[in-house]
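Structures given as structure tokens follow.
In what comes next, chain A is part of two complexes: it sits with chain B in the first one and with chain C in the second one.
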Partner chain A sequence: MKRSFIIGSLIFLILIIPPIRIYMESMMIIHMLVQLPLLIVVGWCIGEYIENKYPKLFELINGNGVSGIIIFVAITMFWMLPRTLDEALTFPIYEIFKFISLPLAGFLLKDSWRKIKAFGRIFIYLNYLSMFGLMGWLYLDSPIQICNNYLLEQQKTLGWGFIFITALMVLYVLQSVFTDQSEEE
Partner chain B sequence: MSTAIGSKNVKSDNKLVTASLILGGVVIAAMMIFGILMLFAQGGVINVSDAAFYQFLTIHGTGMIGAAALAAAGVMWYFLGKYVELSKKVFIWFLALVLVGVVLVVIGVFSFEYASAWTFLYPLPAISANAWGVTGALLYLFGMLILGTGFLLLYIDTGRAIIKNYGSLGKGLGWDVLSGKKRVEDAPPKAVVASTMVTIVNVTALIAGAAVLIMNIINVINPSFTFDPMLAKNLTYAFGHIFANAIIYMAVIVVYELLPKYAKRPWAVTKLFLVAWTMSTVFTLLIYTHHMLMDFSMPKWMLIMGQALSYANGIPVLVVTAYGALMVVHKSGIKWDMASGLAFMSMLGWTIGAIPAIVDATIVVNHVMHNTKWVPGHFHMYMGLGAVVMLFSFMYYLAKIDSNVQETKLDKFAFWCYTIAMMAISIQFLVSGALSTPRRWAIHYPGWMTPAVFGAIAGVFLVIATTIFIIHFLRYVKNRGTLGSDLHEEKAA
Partner chain C sequence: MKKKLRNIILISFSIVLSFCLFYFGTDGFQAYTAESARIYRLMEEKPFFPNVTLEDSKERVYEFTEFEGKYAVLTFIYTSCTDVCPQLEMNLAEVYKQIPSELLGEEIMFLSISFDPDRDDPKTLEKYQHFFSSDGETWRMARINNEEQLSSLLDEFGVIVLPDGEGGFTHNSAFYFVGRDGELLDVMDYKKTDEAAVKIMDTLQNDMEG
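After this line comes the complex of A and B, so read on.
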């Protein structure tokens, strides 16, 4: 438990080192598809430790995992909007919010994932599948520059990134539903 | 594996299924009235403003597809629940979300004059030439999104349950039997095979639909966000065509389950049956491209695929099912009643209703016929005389096995009235198509009017027949749980 806490804290510290932070944020695809997910991973790692330390608190505020997963979805959707990505580079308050909200999202995801059971997990997964596909389409197809801080080319690269992730997600779905799940049990 | 699981609480299951059927049946009847109004308006008998006509068109299409899908999902849930453990909670959520979606769509159409037709083809929702505003478009699009979410929840549950029971969706389609790992006697039942197929195609369709709906929503809110219209059309039909097509694949389960019981003959799953359903799974996912045959910028191979696979799609399940049904019934001494009669009639509707579609899927014909009333001729016959008849068959079946409500001469009258009226409506559309009458036009030239009036009059009889069907079902709901036929194995157990 402590190990995951240390790993999470370490990743967080690395991510906030100014040269690393600025470098990551200089490229749209790395900002969106590397830095943001890594901040969620930070929350996931730290969450495991805190969850074990205060189990009753989590039972109280996120008993069946639904409230936690809704907040997770809300936070990630917020950060998927092109405008918020832009604002994070323009306004320090957004940047600070990003470094707080995304670990919190990861933290809630960790707590909620096992609680929402298979049905909830599939629903959330399929929700993100269509959302990533849509975001890829949006970034690839938009004839205008969506963010002030990133050029059109960067937008398109990010679009392909989203499409790549969507394709991987589709492959994962196909292998899960067409390979024998009963043998694993 | 293929044995039925003991139904835990048949009564409460039936209650949920009847809710979906009542809602579906009543909406279908209401939508017929809008159909009649449109035909009378096209025939010059009544005056309907252009704006109102397109609102009617939108609600008629959306309502018919939504209601038929809702009731068909109830049929599928009922029969699949005999073989796998489905969640009642999810079905309640499904019903609730569909209801919310329907309310939003109705408000969007009638209070805010939204009228893009049920295909909501991009960029029409945002570019209406002031026929409707942002609110109407958003209400409709969000309504459809919520409705789709309800269906997605249902299919996640059916998929989960099938995988839990059979190991994978491939095994639900009987691939282990086809590969020789399992004996054909141990193949999944027909209801499971059909439900697996529907789960696969409809989850795909709903994901495509969600993406294109949200894209339209973004475009409506901020028109400076534009998208590739061709990709949008592909996604729209990947959603709309597959979803509408899947209705009959859900509803046909009633034919599979009912006819062998009535004929007292087994209707065994064969390897050919499994191959047919696998082929249909693939074809149903791909043939939506026959809606693009007039789009010159589509890749040529996709158009050729659209034509070839549309031809092929008619063969596997349809032939296997229709031929199977004939074999089960032939010289069986079957006792015909409303349920078995409607189930058998639906086979006719499905078979002949597919033919105009196959004709229209021919590229050279499509260029001439696709925007004529030939196409409504196809889907009114296919859906009205096929899928919807299967739903009515199930209504009578449920009434028979779960109550002492008797069929009357009025029901028999309704049977023939419905069949002849639906046939007349479909034929007038086909004739109109042959006369080059354009579809989706509020105003007709005098030369186009006669078939429309004929169809509208037939529509009145159709509504009368449908009302009789629904009244019979409502009588069942009132007398539910009273002694029924011994056809219901769970109740007898």
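After this line comes the complex of A and C, so read on.
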């Protein structure tokens, strides 16, 4: 379990190296769909380690997992606002907050995901599926540049990225629906 | 029972926290894009026009303080621009036409500032101003030759200019309304020309009466 802690910290350190950070943020799609998710992964890995080391802690701060998942949804939605991505490039305080809040979101998700059971998981999954679809549509369809720091072209690429993820998520739903049925028969 | 209570407290706390995150992150649910946030911030800060040296289409060189004591309506442009700048200037011409001519040059100046001094020399600017029937006097077009001054102005007024890799630029556009002492009074939507003209006239009238 110590391994997940090391992996998490290592990813975090790599992401924080200035040239890598600046390179990733220079492309909108990598900023949104690689850097941000990786920061969540960092939190998830560290959460796994803490969960084993101090099992009581999560009991205290994240009783039945609902509060954790609410914070997780809020933080991830916050970083999907067109504004925040832009501000992270302009204001260091947003950038610092990004590197703290997203690992925290992953950290809480790790514990909540275990606790919220199947119904909660399906709810969250479908919530993100529709949200990603909406984001893809927003970025593809917008005739104007939404972000000041990224060109229209980059915005379109990100839109396709979101559509791609949504398509994968839909495929996953279909696949799991059909496999479940075949198992029952 | 105790556990249940704690869960309720935790959930309420997380909802309040999420609300705060969005409330402060969007300036009270007002600014969802960086552009709206930029205008909101400018209105809070009310920056002053930094002292820059302008060179206009008639090859006159002067400082911005030349306009001290007069209101000014500014736009930031570059003449090789094919999409938003002509629209921006066309709309500025609409506003310009709505201002009574006796006030032009006396109480208020119109000024289009180029952020592409390499290509926009006085000759180019002069050609450009004909398209919008700008007279070069009450509505001037000028470039800022000093790079440092230019970037400090763009910075102060929150104009972000990105080279698009094909010799052009992408930039945010608006009308900037500057007061007699060089203070930024308002950043107006360049698509709403009538609204902008009304606002300018109201300010002028209030000022001249008071």
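Here is the rule we go by: the second predicted complex is superposed on the first by the 180 of 185 C-alpha atoms of A that agree within 3 Å, B and C clash if a C-alpha of one lies under 4 Å from a C-alpha of the other, contacts with A are read in each partner's own complex, and residues count from 1 in each chain.
Following the convention adopted for this analysis, a contact is a pair of C-beta atoms (placed from the backbone, for glycine too) under 8 Å apart; a residue touches a chain by one contact, two chains touch by 3 or more.
As the structure is a prediction and not an experimental result, all values here were calculated from the model.
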item: First, second, both or neither for A:Ser4, with chain B first and chain C second; value: neither
item: Partner chain(s) touched by A:Ile61 [first = chain B, second = chain C, both, neither]; value: second
item: Touching partner for A:Glu87 - first (chain B), second (chain C), both, neither; value: second
item: Which superposed partner A:Phe178 touches (first chain B, second chain C, both, neither); value: first
item: Which of chain B and chain C A:Ser142 touches, first, second, both or neither; value: first
item: Chain B versus chain C as contact partner of A:Leu134, first or second or both or neither; value: first
item: Interfacial residue positions of chain B with respect to chain A in the complex; value: 87, 90, 152-153, 156-157, 159-160, 163-164, 166-171, 200, 203, 207-208, 210-211, 214-215, 218, 224-228, 231
item: For the chain A and chain B complex, residues of the former touching the latter; value: 118-119, 122-123, 126, 129-131, 133-134, 137-138, 141-144, 177-183
item: Residue numbers on chain C that touch chain A, as the complex places them; value: 3, 6-7, 10-11, 13-15, 17-18, 21-22, 25-26, 31-38, 160, 162, 164, 170, 172
item: Residues of chain A that touch chain C when the two form their complex; value: 61-64, 66-68, 70-71, 73-75, 77-78, 81-84, 86-87, 90, 145-149, 151-152
